[in-house]
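First chain A sits with chain B, and in the next complex the same chain sits with chain C.
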Partner chain A sequence: MAANANTLTNRLKQQPWGLWWLQARRLTRIEVRRNLLSWRASWIYFLAFVPAAILLIHAVFDRFDSRNRLDMSDDTMVLAGIVQFYYIRLGVFFGCLGIYARLIRGEMVERSLHYYLLSPVRREILLLAKFAAGSFSAILLFGSSIIAAFALTYLPYGTAGHDFVFNGPGLAQLEAYLAIAVLACLGYGAVFLLLSMIFRNPMPAAMLVLGWEAINPVLPSILQKISVASYLRHLMPVSVPGDGIFALLTVETEPVPAWAAVFGLLVLIAVVLAYSCYRIRRLEIRYTTD
Partner chain B sequence: MNDRIAFENVSKFYGEVLGVNRISFSIPPGITTLVGPNGSGKTTLMNLMTGLVQPSSGQISVLGIAPGDANAFFRMVGYCTQFDSFPRGLTGYRFLFDSLMLHGIGEYDAFRLASEALQRVRLSDAAGRKIAAYSKGMRQKIRLAQAIAHHPRVLILDEPLNGLDPMARAESLALFEELGRQGMHLVISSHILDEVDRISDRVILITGGYLIAEGNIHQVRQEVRDKPMQVLVRCDKPELLASRMFSVNHCVEARLHGDGKGVFLRTADIDEFYRLLNDVAIEGLVKIEAVAPADDNANAIYNYLIGSDGSAS
Partner chain C sequence: MSVYKHDYRAYSGRITPAWARVGVLVRYGLAEAWSSKITIGLGLASMIPFIIFLIQIYLANNPATRLLVSRNNLRFLDVDAEYFLRALEAQCWFALPLMSWVAPRLITYDLADSALPILLSHPISRFGYVLGKFVAAFASLASVTVLPCLVLFVYQCYCAPPGWTMANLSIAFGIVAGTTIWITLLSMVGLAFSSWVKWRTLATGVIFAAVLVPAGVGGIVTAVLRTRWGMLLNLPFMMTQLWQRLLGVPEMVRTARDWSLPSAAILVMLIASCLVCAAMLNARIRGREVVRG
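Let's turn to the complex of A and B:
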């Protein structure tokens, strides 16, 4: 047993970790460039920044119309609703679908994936670097959008807004929203990356995931663990009362500590990525049938 | 490390469709031409060789390394595929530079190797232009440059002459010949057999997923015993030579060359034929200037073994 452990340790030490790290960094850089500096990514920019744009319009025009002015606690609730209902359920969901599904499936559609598969890079490194690039792009877009939305929510309140952010709970809420966005990008990203490797058209499968996420709160607790949004729900710093159809999305489930929610989601991501690595080892280039 | 590209009993099925079946060969360094009709399994064989598809059964190794070991394998293998597509938005130079950077080399080395490869395929002037604006021939060249940029020991080329004008074809063939002389393995599939044939050392004939013949072109030709060999003899009296040779029963066909200064003779016994030709030369009746096999090439072997309809005879 000890001998086996030693052999494994020696084998791990002999692996070219430095080269893998270098290749992963370079691949990530190439992929980030493709993700962000492309006209075809413009709809993802739109998805990410549309709430910030709407908040900007409100911030500009509501200044001159006292009838439309809400109080800060209402706006805090509005922001929490935007994060929970728009970013997590729609913006990040579809944005990640666009970013991560392109990484492997998009290159198969464009018939350019073989260049990577013919390079001296382990396929697992290729997959993980692509995932890292997708995550960097998605987190950059949605993270900055959430920061912009947060700033545009509290800037119009002047000194009161400043106090709420820096001397009140504001900054902690922003941190929580950013953490939720990061975890949402990683979680949905891992799922969509895998779906894009399994299905020629990942869209129907993504719609099933969307439906699954929506009904997940009313499922038995064991099934709730197979969901990205269910983990994120427990991290929300402000609970949003749900009315009508939104009630389905805000069902109170059994409470889970934040650390357990984060750990659970990270385990889910790791499992999905491990299976994706297994799939890419067996991936074949057959563009005519793909 | 051995110096062979080896297939041992390799089969590949796409579901129930046969790709290649029980293929075995061992290729030494030099230029090997892969010959077969459309859909015969040539590209499948090349994709298997480079791990783009995986065998249903059997073993593949290139210079002793399996395609699964990407780090070691793709440092010594370059593959110019038939897929005429590229990552979007890249210039020719950027395409090569990015590829080379994945080898783990420094930026200066990547720049130097990319520039050298562009020069070798004579594409330096267009290096700064987007590949999307390239002509078909230029895209073929940039793919070739990408395959050779890292100085591989094995170069696999799937229809590398497609889309090239005659001048570029001649330049590419000269490059392949030079690389073959340097001791590299080159595996080339091409339907322009007349041109590739001039530089090939060996041939692999494949049809319907089955290996029909493999080896040195001359050896393979000699093994096709049911097809008499054709020899062109350049001489001053071709009619006289034809009548003399035709009187021997192993000589089955004689045809005058178009310029009237030679004769194509077809014989069922090449050794006996050469012996008799020596006798004729010694007798002095005919002044023989040159003797050369006329169907000892991949094109003729293809026609004899596979036929124009693509079905093996």
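Let's turn to the complex of A and C:
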């Protein structure tokens, strides 16, 4: 047993980690530039920053009373609602769909993936570098948009807002929102990357995922575990109840500790990425049928 | 290239009427749309709520069933305007995934394969081309929305006691008007966004996003700026309100805040959306080919 472990360690040490790291960095840099600095990516900026733009209008044109704690607690609920219902369900979902589905399937459609596959780079390095690039772009966009939305929510309240953020629960809430954004980007990203490799057209499957995530709160608790949004719901610092018929049908599950929710989601991401690495080893391109 | 023969003359025989040329596009469009197994799957899936509602009508008009459940609440067996609203909503929401799948098949291939200049070199105008594609999309959606709802209405007329039909004729008009507005808008949105997205697979997601993301943005506007007018961006909310009014269903109080919108504002917004889609189509549907390099 110990001998086997030693052999494995030796084999791992003999791998060209330096070369792989260099290749991954270069690939990531190319993809990040393509994701963030191209005209085609402009709609993702819209998805990410539209709540901040609306909050900016609110900050500039609406009257704020720094002593009015009632308004501030209202705005805290509104911000939680924006993260829970807009970012997780729509913004991050469609943003990640656009970013990650393009990484492999987009290259196939543009008939440029074979250049990567012909180069002396391990396919796993290619996949992980593309995933890292997509994750970096998505986290940068949605993370900064959440920071902007948070700042625009509390800045207009002046000293009361400052107190809430630095002497109250504000910073902890911001940390939680950022953690949710990061995990949402990684979770949805891993799922969409895999879907784009399995299906020639990943959109029907992605729409099924959207439908599954939408009806997830009304499903039995065991089924709620097979969902990205359900893990993220447990991390919300301020919970906003559903509205209308969904509020009646929502199945309240036992609260899950934050570490368990994060660990569960990270395991899901790791499993999906491991399977994606396995799939890309057998990936074949037939441009005539794609 | 030199042209040596100068004896070519324009065709002087009998030409087909303009509507027939559009009909060719419609025919090929419908064949293309329904050649996919996913389209057929979505069409069949949209029949599931229709069958459930059909069974409900049968049970509601069956004396034995009514006798069996008479001790309990009979409300769920009522076939009234609210029942038809539920049926209309179910069928109309099934039309969204169908449209997001069908519209890119109708238009994106022509654009991605640079086939538009060839098509428009035939005796058909840009308007005729868009009209042909629109009719194909509209007919596909009508088969899962207005037709099933009208079949339900006709079946209820057949099963119900005499006098029910005349007393509830406004429901049929509401169904036709409500579904026509919805599928017109959906067809325009589908064709417009498909024409702007070169990658067909992405177009399906973009059409979904074009309906759902503005709804989310409208929700944020409503919550942040404390105004109900943000709901004008929320297409599902607007359509539900419009359908309720067209069918004469009393508006349900869903939340503490009154977010109801005037019908005129809803109609103006829907017309504006259609005009924006028409402008998008006008910008993209042109007989030209861009060669980069």
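Throughout what follows, the second predicted complex is superposed on the first by the 273 of 290 C-alpha atoms of A that agree within 3 Å, B and C clash if a C-alpha of one lies under 4 Å from a C-alpha of the other, contacts with A are read in each partner's own complex, and residues count from 1 in each chain.
One rule holds for everything that comes next: a contact is a pair of C-beta atoms (placed from the backbone, for glycine too) under 8 Å apart; a residue touches a chain by one contact, two chains touch by 3 or more.
Since this is a predicted model, take the numbers as computed values, not measurements.
Trainee: On the A-aligned overlay, A:Glu284 touches which partner chain: chain B = first, chain C = second, or both, or neither?
Mentor: A:Glu284 contacts chain B only, not chain C.
Trainee: Of the partners chain B and chain C, which touch A:Phe85 in the superposed model: first, second, both, neither?
Mentor: second
Trainee: Once the shared chain is lined up, is A:Ile30 touching chain B (first), chain C (second), both, or neither of them?
Mentor: A:Ile30: touches chain B, not chain C.
Trainee: Examine A:Gly98 and indicate which partner it touches, taking first as chain B and second as chain C; both and neither are also allowed.
Mentor: second
Trainee: What is the contact status of A:Asp62 with respect to chain B (first) and chain C (second): first, second, both, or neither?
Mentor: Touch partner of A:Asp62: chain C, not chain B.
Trainee: Just chain B (first), just chain C (second), both, or neither: which does A:Ile54 touch?
Mentor: After superposing on A, A:Ile54 lies in contact with chain C but is clear of chain B.
Trainee: Have a look at where A:Pro204 lands relative to chain B and chain C in the superposition and call it first, second, both or neither.
Mentor: Only chain C; A:Pro204 stays clear of chain B.
Trainee: Which chain B residues qualify as touching chain A in the complex?
Mentor: 14, 47, 50-54, 68, 70-75, 77, 79, 81, 83, 85-89, 98-99, 101-104, 146
Trainee: Hey, which residues of chain C end up touching chain A in the complex?
Mentor: Answer in residue numbers: 38, 97, 100-101, 199-202, 204-205, 208-209, 212-213, 216-217, 219-221, 223-225, 254-255.
Trainee: Can you tell me which positions in chain A touch chain C when the two form their complex?
Mentor: Residues of chain A touching chain C: 47, 50-51, 54-55, 57-58, 62, 75, 78, 81-82, 85-86, 89-91, 94, 97-98, 101-102, 105-106, 109, 200-204, 206-207, 210, 243-244.
Trainee: Looking at the complex, which residues from chain A come into contact with chain B?
Mentor: So the residues of chain A in touch with chain B come to 16, 19, 22-23, 26-27, 30, 34, 37-38, 107, 110-112, 114-123, 281-282, 284-287, 289.
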